[in-house]
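These are the structures, in structure tokens.
Shared between the two complexes below is chain A, which pairs with chain B and chain C, respectively.
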Partner chain A sequence: MNYTFAGKTKMLTIALMGIGLASIVYGFVMTPDRVWANLLLNGFFFLAIALAATFFIAVNYVGEAGWHSGLKRIPEAMSTYLPFGGIVILALVVTGMLGVHDIWHWMDHHFQETDSVYLNSGKKVYLTNTFFLVRTIVYLAGWIFLAIQFRKISLKEDSLKGMSMHKKGIVFGAAFLVFFAVTSSMSAWDWLMSIDVHWYSTLFGWYIFAGLFVSGLVMMLLILLHLKNQGLMQWVNENHIHDLAKLMFAFSIFWTYLWFSQYMLIWYSNIPEEINYFLERFNTDYRLIVISMLIINFLFPLLILMHRNAKRSPMLLSIVGAILLVGHYLDLFQVIMPGAVKDKWNIGFTEVGMVLGFLGLFLFVTLSALSKRKLLAENHPFLNESRQHHI
Partner chain B sequence: MNVESPIREPLILGNKSYHQITEDICKPIEGRANKLWYLVFTVAAICALWGVGLIAYTFGTGIGVWGLNKTVGWAWDITNFVWWVGIGHAGTLISAILLLFRQKWRMAINRSAEAMTIFAVICAAMFPAIHVGRVWVVYWFFPVPNQLGSLWVNFNSPLLWDLFAISTYFSVSLGFWYIGLIPDFATVRDRQIKPIMKKIYSVLSFGWSGNVKTWQRFEEVSLVLAGLSTPLVLSVHTIVSMDFATSIVPGWHTTIFPPYFVAGAIFSGFAMVATLLIIMRKVLNLEEYITINHLESMNKIIVVTGSIVGVAYITELVIAWYSGVQYEHYAFLNRATGPYAWAYWIMMSCNVISPQLFWSRKIRRSLVATFMLSIVVNIGMWFERFVIIVTSTHRDFLPSSWTMFYPTFVDIGIFIGTLGIFFTLFLLFSRAFPVIAIAETKSILKISGDGWKKKTEELYEKVGESEHHH
Partner chain C sequence: MGKKTILAVFEDPDETLYGAKHLMSKGVKIREVYSPFPIHGIDKALGVKPTRISTVAFFYGVMGVSLALLMMWYMNVQDWAMNIGGKPSFSLSQNLPAFIPVTFEITVLIAAHLMNFTFLFRSRLFPGFKSMNPDLRATDDKFVMEIVLDDNKVSADELKAMVKETKAIEINDAELKYKD
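After this line comes the complex of A and B, so read on.
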């Protein structure tokens, strides 16, 4: 049975988008700086979720996994959001270059001519407006191109038995992994790390990747639970859910590991250029955000998802998943805001409205895409393994 | 998983039965060693003795017999330590993480990889112990009371964390490995004819009876140990990397070190497993259990981890350039173009460029190519540690202290000695222990054995045909 995107669910996503629009208008009137920063935050957050879905498809092709084949239409649908998220980032880069906002304050000509760190480092080559724009276009074009290929291959496989499409998927999967290995770090340096333009950390890209993958897995699981709640996807059983939850659990710990490695090494060495970044986050009101997101993203899944039964309970997983999404949103909040708006931050109607609006847009795009195809990739060569999955 | 797709390659060849598996794996223990084994064993044992002799010489004379100097106070000893610990990682990854990912191909290789882990950690642990020079006070490493009342360990030091990490790692790995061996020792015991050997294996197997309750406990313990080992895979090399990264030495202080050291460790560990298994499967006639398919899977892990290491190298270079910190700039410039540039380019070509050959399926499935590349990777990973350690220390903040490091025959000899100890232990293991996990391999026979896969396929076809008739 196919998924139909209509009725209450559709209305809800449209209503969410309406709230988002209202909050943007409201924000532009009251505090425009916060709107720009939140556009980057939400633009990146949901782009990251769509990217994580694409990464999930690629890694399972290359790893020749079988268990996931029954639910792979969900990440495929999520990947269709990539162009939408991409447009937001691209628009921000262009408006930044035009001087409309100063999230990336190194874009300012005065800064580029006078800042001594900028002038005495690779930044004067790497962080130039045109090069920045070109890189942004390359990342987005590459990801979107490959995500479209995965969708195409999967659709063709529906009417074509045999291994030919699957083998093509493996080739494109490997291509995506190679491209993503480089661009995931670089895009994180560009869009996020360069906000705090004097700061640098080699681990930063991997840390952002870990958060991205957790958020993507959570969203995938939540959409799956929504479909099952409607009586769809009966071939996906509690064992698949258990596997997704295990990945969620493991990558939450992995995210913590990377956050801690980055923090601890900088704290321990206490070099002024590096430690400033954490002083801005720990010795200010941002402390509240940092500590809450650490509790949510680490302690919370560690304690709750440890037990086997928890990882197989749809009810509990929906709650944990929703809270984890908030946690990773807050993680990006404390990455972006201290550099972008300094102490003029708040969590008010602008912030809450915009995240709801973007969530509405993301769900609208994803669920529309989901409704246009069969929910089961019938000719996936490993489908039988997924159908009889039991752990 | 109950069902395996027919398009997956079989993991056990030769249409084996349960009994045949027991026969094949127990054969090396029950038979006599051939001449080749004695030859290799003699060479390994001589190397080991040479190393032990030089360690004794170091104790007798002092650390001055090594090539260290005032500026380079850490060189071969720590390079070898990190290299050996890294090699150990593959065993833990195979036994714990591949278990969690339900990779059935691990069954053929986990036993010998875990043995390798233990022997590698033994070799690694020797270096911190001998580098103190006065080995009789080596217990000062530990937080235990000693005769110098005020002398206490520094809990802020990553070197102490390392001590805890390595000893925990060693204990858990040994426990995991030994518990897996118990049912297999029982199998060997039941087949022994000589009373002394029967007695020995009987003790080793802890009186294993093989009833349902013992199996159930066995599986529970295995799962708990797998859960404990998984964070250990990450933590051990993370803490090894912190020995360097917590400092403010240019080239050492970089936040990517923890995950990148872990990836490098798995990379070198898999290369060593490949080297050992390619020889072992031939010498012990286990080609039907450790197949080309197994080697291909390991080669895929080698190309992935090698590429992760490559991305980390490039990240370090780019961020050193991006940050504009002149010390970092210089550290990397010196690595790539300074007096140790030869070592840097050996590292780059062995670790980043050569594993890319494994993108070709033909090379991944070639025994000769895999064997050669596995050795290349191990050379590259030794040089990686050498480059990180020596190039960062030999050019001090004070140019007047700049110097070079040249190893003496003692440095080289002790390293060769650890290779000798490692191979001696591994050769003894291959004669006395079941080198493939018998019970675990049997558990996948009916899913992944070639004979059973064929039968299942025929059954599917029959069902398909009868449906067609209706």
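After this line comes the complex of A and C, so read on.
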């Protein structure tokens, strides 16, 4: 049976988008700086969720995994959001180059000619306006191209038995993993780390990636639970949910590990150009955001998701999932805001409205893509493994 | 000395599992299955209660965290105050980041070892326990199902007839190696 995207759910996503639009207009009138920063925050957050879904497909192709084949149409649908998120980022880069906003304040010509740290490091070669734009286009084009290939392969497989499409998927999966290994780190440096232009951390890319993967898994699980709630996807049972929840749990811990490794090394060595990043976050009002996101993203899943029964309970998982999404939103908030808007931050109508708006857009794109295909990839060669999956 | 048992010997893990399910559906109580490696799903088929080792592990972990912090507090703050990373604050909470890696390692060490000991003890595999294995081939390439006559209300012949319906390659009489 197919999923039909209509009625209340559709109205809800459209209403959310309406709220988002209203908050953008309101924000541009009141505090335009905050709107630009929030565009980057939400643009990246939902792009990251779509990317995590693409990564999930690729890694399962390459690992020749079978357990996920019953639910694989969900990440495939989520990956269709990539172009939309990409346009937001691209638009931000272009407007930044035109000087409309100064999220990346190194884009300013005056800065590039006078800032001594910038001039005396490799940054004057790497962080130039044209190269930045080219890199952004390359990342987005590569991801979108490969995500479209995965969708195409999966659709062709529906009418074509045998291994041929699957083998093609493995090739594209390997290509995506290699490309993503480099670009996930680089895009994080470019779009997020360069906001604090004097600061650098080699771990930063993986830290962002870990948060991205958790958010993507949570979104996948929430969409799955929504479908199951409607009586669809009955072939996906608590064993598959358990596995998704295990990944969620494991990558929450992995995220903590990376956040802490970055923090501890900088805290320990206490070098002015590095420690400044954490002083801006711990010795200001941002402290509240940082502490709460650490509790939500680490202690909360650690204690709640540890038990086996918790990982198999849809009710509990949807609550934990929703809270984890908030946690990773706050994580990106404290990455972006201190550099982008400094102490003029707030969590008001602009912030809440825009995240709801982007959520509406994301769900609208994902769910309408989901309704266009069969929910079961019938000819996936490992489908039987997924049906019999038992842990 | 021990209670009378029937040993059903299987050659294949899947056949053992199907056999166990078949016998359980007929109401036969199986005491134990001995196998060279874990058989997926056998615990459910035999109706064994879920393990509580994960709950125990959590408390071992909590114990590990407390012990590690206590140890480092005593060593680096109390007994011989250390200047950590140029931050002579001499307090556990302010220097906590420096203590986290060691805390993590000690937590894993303590939890893993105590879990191991608990498991060995509970399953009577700890050095000093007498071996319970009724057929040594179960440590090599055979799968042995142990059915105690007293556990079941039917006669030995009826039991054997039921076991014959499975793919068991041998059906032997034996005695429990331990006092029940």
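In this section, the second predicted complex is superposed on the first by the 391 of 391 C-alpha atoms of A that agree within 3 Å, B and C clash if a C-alpha of one lies under 4 Å from a C-alpha of the other, contacts with A are read in each partner's own complex, and residues count from 1 in each chain.
Methods note: contacts are C-beta pairs under 8 Å (C-beta built on N, C-alpha and C of every residue); 3 or more make two chains touch, one makes a residue touch a chain.
All figures in this text were calculated on a predicted structure; none of them were measured in a lab.
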Fit or clash between chain C and chain B when superposed on chain A
clash
After lining up the shared chain so the two structures overlap, which partner does A:W106 touch, if you call chain B first and chain C second: first, second, both or neither?
neither
Looking at the overlay, does A:L258 come into contact with chain B only (first), chain C only (second), both, or neither?
first
Just checking: does A:F132 make contact with chain B only, chain C only, both, or neither of them? Give me first, second, both or neither.
neither
In the overlay, answer first, second, both or neither for which of chain B and chain C A:R308 touches.
second
Once chain A of both complexes is superposed, is A:F382 in touch with chain B (first), chain C (second), both, or neither?
first
A:Y286 contacts which: chain B (first), chain C (second), both, neither?
neither
Using the touch definition from the top, say if A:S269 reaches chain B (first), chain C (second), both or neither.
both
Have a look at where A:F298 lands relative to chain B and chain C in the superposition and call it first, second, both or neither.
neither
Identify which of chain B and chain C touches the larger number of residues of chain A.
B
Could you give the residue numbers on chain A that contact chain B in one complex and chain C in the other?
264, 268-269, 390
Touching residues on chain C, where the partner in the complex is chain A
40-41, 54, 58, 85-87, 97-98, 100-101
Looking at the complex, which residues from chain B come into contact with chain A?
1-5, 7-8, 100, 102, 231, 234, 238, 242, 245-248, 253-259, 307-308, 311-312, 315-316, 318-319, 321-325, 359
Listed in rising order, the residues of chain A that touch chain C in the complex are 260, 263-264, 267-270, 306-308, 390
Chain B partner contacts - residues on chain A that touch it in the complex:
64, 66-67, 117, 120-123, 126, 163, 174, 178, 181-182, 185, 189, 200-206, 246, 253, 257-258, 261-262, 264-266, 268-269, 271, 273, 381-382, 384-385, 387-391
